[in-house]
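Each of the next two complexes has subunit A plus one more chain, namely subunit B in the first and subunit C in the second.
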Partner chain A sequence: MPDTLLHGLQPLIERRQSINEDLARDGVRFGIYKNGQFHEQIFPYDPVPRVIGADEFDLLARGLAQRVRALNAFLRDIYSDKQIVRDRVIPEDFIYSSSGYLPQINEVMPPAGVYAHIAGEDLVQAEDGTWVVLEDNLRIPSGASYPLIARGITRRIAPEVYAANHVRDNRDYPDLLSEAMDFCSCGGIPVILTPGRYNAAFFEHSYLAELTGAALAQPSDLVVDDNQLFFVDYAGEKHKVGVVYRRISDEYLDPFCFNPDSVIGVPNLISAYRAGNVAIVNAPGNGVADDKGIYYFVPAMVSYYLGEQPLLQNAPTYLPLFDRDRAYVLEHLDSLVVKDVAEAGGYGVVFGDTLTRDQLADLRDKIKAEPRRFIAQEVVRFRDLPSVDAAGNPCRRMADLRAFVLTGEDTRVWASGLTRYANEPGSMVVNSSQGGGFKDTWVLSR
Partner chain B sequence: MRKLSFAYETSLSFSAPVTDHRFQLRCTPPTLPQQRICDLSFEMDPPCALHTGIDSFGNPVTVGRIADPHDRFSYRVEGIAFVDQGLQRPAPYKPLYRYPSAFTQPGPALLAFAEEVRAGLAGRPWTTAPLEQAAYVMGAVHDRLAYRPGSTTVRTTAEEALAGGAGVCQDFAQVAVAVCRRLGLLAKYVAGLYDAEGATHAWFEVYQGGAWHPLDPTNNCRVGDSYVKIAHGRDYGDCMLSIGVFTGAADQSQTVHAVVRNA
Partner chain C sequence: MGPITLTSADQLYWLGRYTERVYTTLRRFFSTYDQGIDHGPEDFRSFCRELDIPFDPELSTDDLIRGILYDRDRPWSVCSSMRAAFGNAMMLRSELGTPTTAYVELALIRLKESKEPDTRLLRQRSVHDDLLAFWGSIEDGTALPEVKALLFTGKYIERLDLYARFGAPSERLDLAAEKLARQIEAIAHPECLPVSSTLTWLAEALSGRGYAAVGEKVAALAAQADGAAPVRPAGPGVPVVQASSAGRRPVEGPAPQQRLARAEGRGR
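Let's look at the complex of A and B:
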């Protein structure tokens, strides 16, 4: 997309500073823990958007919806018959030794049969234009609120930009979210459960509660009585909860079922869920499907469960657990990127071409000792996008895209997304915890 | 076949009244092919609305909440059990029980001990059946650990207990489970009651020939017809007989009493 097609972007570029200040005032920050201390940081916003054409987006959306339908089918299977393991499409080791697999909720079918109501699909666009999926985030993918609120601010500054460029409206995210929550609700109010303001995404929790009309609850506001979940309001009144969009990870969700030391969970929540009295969004146990090792098998899931050809591809990935893959990885380590399956947020990612000979030898030994712990991928040379640097000069930065795929009665892809760009020229690490920023994602209507 | 009468009672007393007490109990023995439970009664004080379900391992679970102030909390289960370990029925193969779990994750002590056991088994090439191997593991665990109440807590892992060289039935069972899994056997942790008066008990089961076979490493014997099974799972974490949280600055003391007798 030639930059010249972006009509009227100049006012936004000129006001970059004030837009960033508005975002900060609205609370658009993310928090990180460093040395045990909680820090809130500004998430820098770049006004030059990523632009995705209408036809391109339709294709992308079909591929993403297909992928998420397959992942939901996989989760239903893994927590019941495990047919995909019996049919030897996926080795059992990848299920049972995954820290995301929770036998405590085996055989519990979530209301409406949906596990991943909200999927955050991380993609990059290769230099030849092909979209490649890097990660499926099926636990608590965050980030939808950033482009939503940024669009709100820029629409006020330069409303004509969006009409002139035929940009699809992205204000339907709260509707998509509400529909997904309503569809699985077991009767009662919707609630967004936040661990509290010292959470990296607290801003997003409160923002989404406001937009969807769900009650924003902290763990102490929820109680399980008569095996049903209730929200206790400021007056002490109890309201039955039909669906809880929880922003607390599985491990801490219910101390009676998972980590008994959790003080941010809701005791007996899983018992109420098991009885079919409340829906949990996303369902517990999804970590088994977004494990970096399981990622390798997602295209196979698409054909296994849906009988369709996968429309979207993975980055070429090798599992050192398999002899042939391990031999390739050990030989080509200096050109691959190696990921530790247990790490997230850009940690545990090593580019082979940055390592010394000794470090490479070290990594080879680690891979040989614990092959299941790593995956290796070809480095996808992805497109850089036009941007403006801090001084206002045009530049180019690598960027990825987190697309949001919501599943209620059916699976739909939000016509927007979070585009994260790397802080440094040429860098491919776009994680906000590593200093990157974000930009709007425009999907064109024609 | 034996006919047993069993009773299990736990009572908590608090130094000051507590409120908003939420709890989860696994305290009622289920009817299984090898144990038929009759005349089961469950009493709770203070009385409250209870809900019973079955967890993902097949154990009956009772949950509830006492909102009002109370300074004691007790429950009592009793009933009759007809037990015959020979009536075990075929059970599906579950690879889950070959993988380490939170309490049975091996560390240096377990890895070394498992190698010792493996070497011991190598010297007994006729010991090939899983049940025989598990019985050998049981003997090794029984020899290695000293039975010493108070030397561990309910949170002690198999690795920690083994490194400390002592423990109680929970530790014996978890170490045995951890070693069996390391040897490639399918092994389950079991919580229940048996005919020694006093506390609850723990043992383990190993999978062979399409069925689970129970062994008691604390007493170094096959589990007979005087044992009443309450819960099973990967380890203690799946079989907690009771867990609760409450609001209030109170000290608590707990007494547990369990008895199994010929009826």
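Let's look at the complex of A and C:
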């Protein structure tokens, strides 16, 4: 943390109990399934924010916007001409073997041509200060609501901290989201589609609906009639939906198009989408672009589609599908982090230096048998951040940053983000499902 | 905030019912507890009977109270009602707003904190305060008039049911029925909701408990909600229920006025 840019964070630390009480009062929590049972818990909050200087954020934002513009171009291309495959920048195997690629929406151009309206870009800052992208989340990235609501609470509880530091207001997120939704709307009301209370991010669904004024819909509230999506009120009156910000995975979105066993989807939604009568945010099929294997090629996409040098770098990544990379991975497995491309939420991530000799041998066999299933990365030693522990004592914790990039008429980066920190000293697992907490992310205005 | 779905309408109605159930049951509990200070747990026998709660005379007073208030596995406990209210409230954040739903969250937190016998009554007062603030916040907030009406319809249906169970003076039920009528009028399409059938049930329950006139009034509301010609109930101050009607109340126990006086800690 650039301490020289900060003044008097102590009130935030001293009043952390009041902050936590307000977070609980406002219902700031997330759900988690353990042993098949749903549990809701308060999201642990650390009052010491991550601080990003104004100049540093400007550079970061330019890199993030560039990356998301390239990813949108890739999605437009891959669901139409597939020129990037023809030009052999990306092997076609990586497209068609991706579980995120949906042939059902091939040749379907989404309203306004935008696929990734909301991108959650996961980054870490290496010890030398370089920002490194770890993942692009282009399906249903969650987390913006937590720093958003925390900011309102902390400004009220410790206003003098904000008076002394020039922090950019982050409470414009609902406006950015509304603008992105309005831009692609096909005429009609905006809707946020939630699978319901027992979704891990239900708090966020309901909170964003409240702040944007969109109707919060459960699948049973929506119906497709004559290729139009409608929101049905209690009197049976149908209201046309112009844009649906769905918080349901592709495979469950429409049982007539994808998983026929889905009971949380809207039958025929994809037909309405194909007909150009409703925008879906984010567009179905984006999973092909945030596949952990495709991630490897994103810097190349930037050059290919935009003719620019990528401003942000990936963590050094190896694809075992390539002979040379596989040989390297198998030889250096004990110093790499291996990720299962089918997993998310911190699951399926293995640090080679934690494995026994037998476990390493087992993993080598799996990689040889299914090379497309894994990627391997050099372990990025990222900066730990100043924090306070549960007792209020100063400590340091590893943390990442999920930045939010919203695309409507323009691609804009939200001047904040979700900083997730690891629960244990030295741990790099920051996922909330694995016990991690969150911090606000301050972007200084000067 | 979009149009009101059937799901939301149902949740609003039940949020109104459960919050009222917690509030009024706790008030009744206060006075019963107060009586028990002098007379022991026997007073809880009638409290349990009024609410159809199984009464086990072998239980200690503290176990009895813990069961009534905090046993989350019993659908009749205050805790269960509070959790049910909370479950509905969290689904209605976009209709009611976070500042308003926060009061339900607070009431649940305070109820959990009130388990300690030493501070029980003090903490429960906070639950009351939070529920009053919740209703006030809805009244004064930005929710659509129909949203408010659906919630308060549930609230006053529950109030009528509980007041009749507790044997409240008929004037009190009459006032609640007046308020209920105003809420139903603000619902654009009550015929599309199970309002009429609920009111019919309530009217029969009220009549069965000795409040025939209020029952008739509620029956008229049921017809109105079903799409029949609107029937305005009698205005405030009109004595639609005679004190003697309480004599037909099938539940054994003291006369209504006497019971309510005890419920409010008066009369002794």
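Here is the rule we use: the second predicted complex is superposed on the first by the 441 of 446 C-alpha atoms of A that agree within 3 Å, B and C clash if a C-alpha of one lies under 4 Å from a C-alpha of the other, contacts with A are read in each partner's own complex, and residues count from 1 in each chain.
The criterion applied here is as follows: contacts are C-beta pairs under 8 Å (C-beta built on N, C-alpha and C of every residue); 3 or more make two chains touch, one makes a residue touch a chain.
All values reported here derive from a predicted model rather than from experimental measurement.
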Three-chain arrangement built on subunit A, subunit B and subunit C clash or fit: fit
Subunit C, subunit A and subunit B - angle at the middle CA centre, rounded to the nearest 10 degrees: 90
Partner chain in contact with A:Ala24 - subunit B first, subunit C second, else both or neither: second
Which of subunit B and subunit C A:Val243 touches, first, second, both or neither: neither
First (subunit B), second (subunit C), both or neither touched by A:Tyr207: second
Subunit B versus subunit C as contact partner of A:Leu216, first or second or both or neither: second
Which superposed partner A:Leu134 touches (first subunit B, second subunit C, both, neither): neither
Residue contacts with subunit A in the superposition, subunit B compared against subunit C: C
Touched partner set for A:Ala119, first subunit B, second subunit C, both or neither: neither
Subunit B versus subunit C as contact partner of A:Val232, first or second or both or neither: second
Gap in Å between nearest CA atoms once subunit C and subunit B share a frame through chain A: 15
Residues of subunit A at both interfaces, subunit B in one complex, subunit C in the other: none
Residues of subunit A defined as touching subunit C within the complex: 24-27, 149, 189, 191, 197, 202-203, 206-207, 209-210, 213-218, 220-221, 231-237, 239
Touch list for subunit A against partner subunit B, complex: 92, 96-97, 103-108, 223-227, 255-256, 260, 267-268, 271, 274-275
Residues of subunit B defined as touching subunit A within the complex: 20, 22, 24, 49, 51, 53, 55-57, 61, 63, 65, 67, 95-96, 98-99, 234, 237-238, 240, 243-245
Partner subunit A, residues of subunit C touching it in the complex: 1-9, 87, 90-91, 93-94, 97-98, 101-102, 105-106, 109, 188-189, 192-193
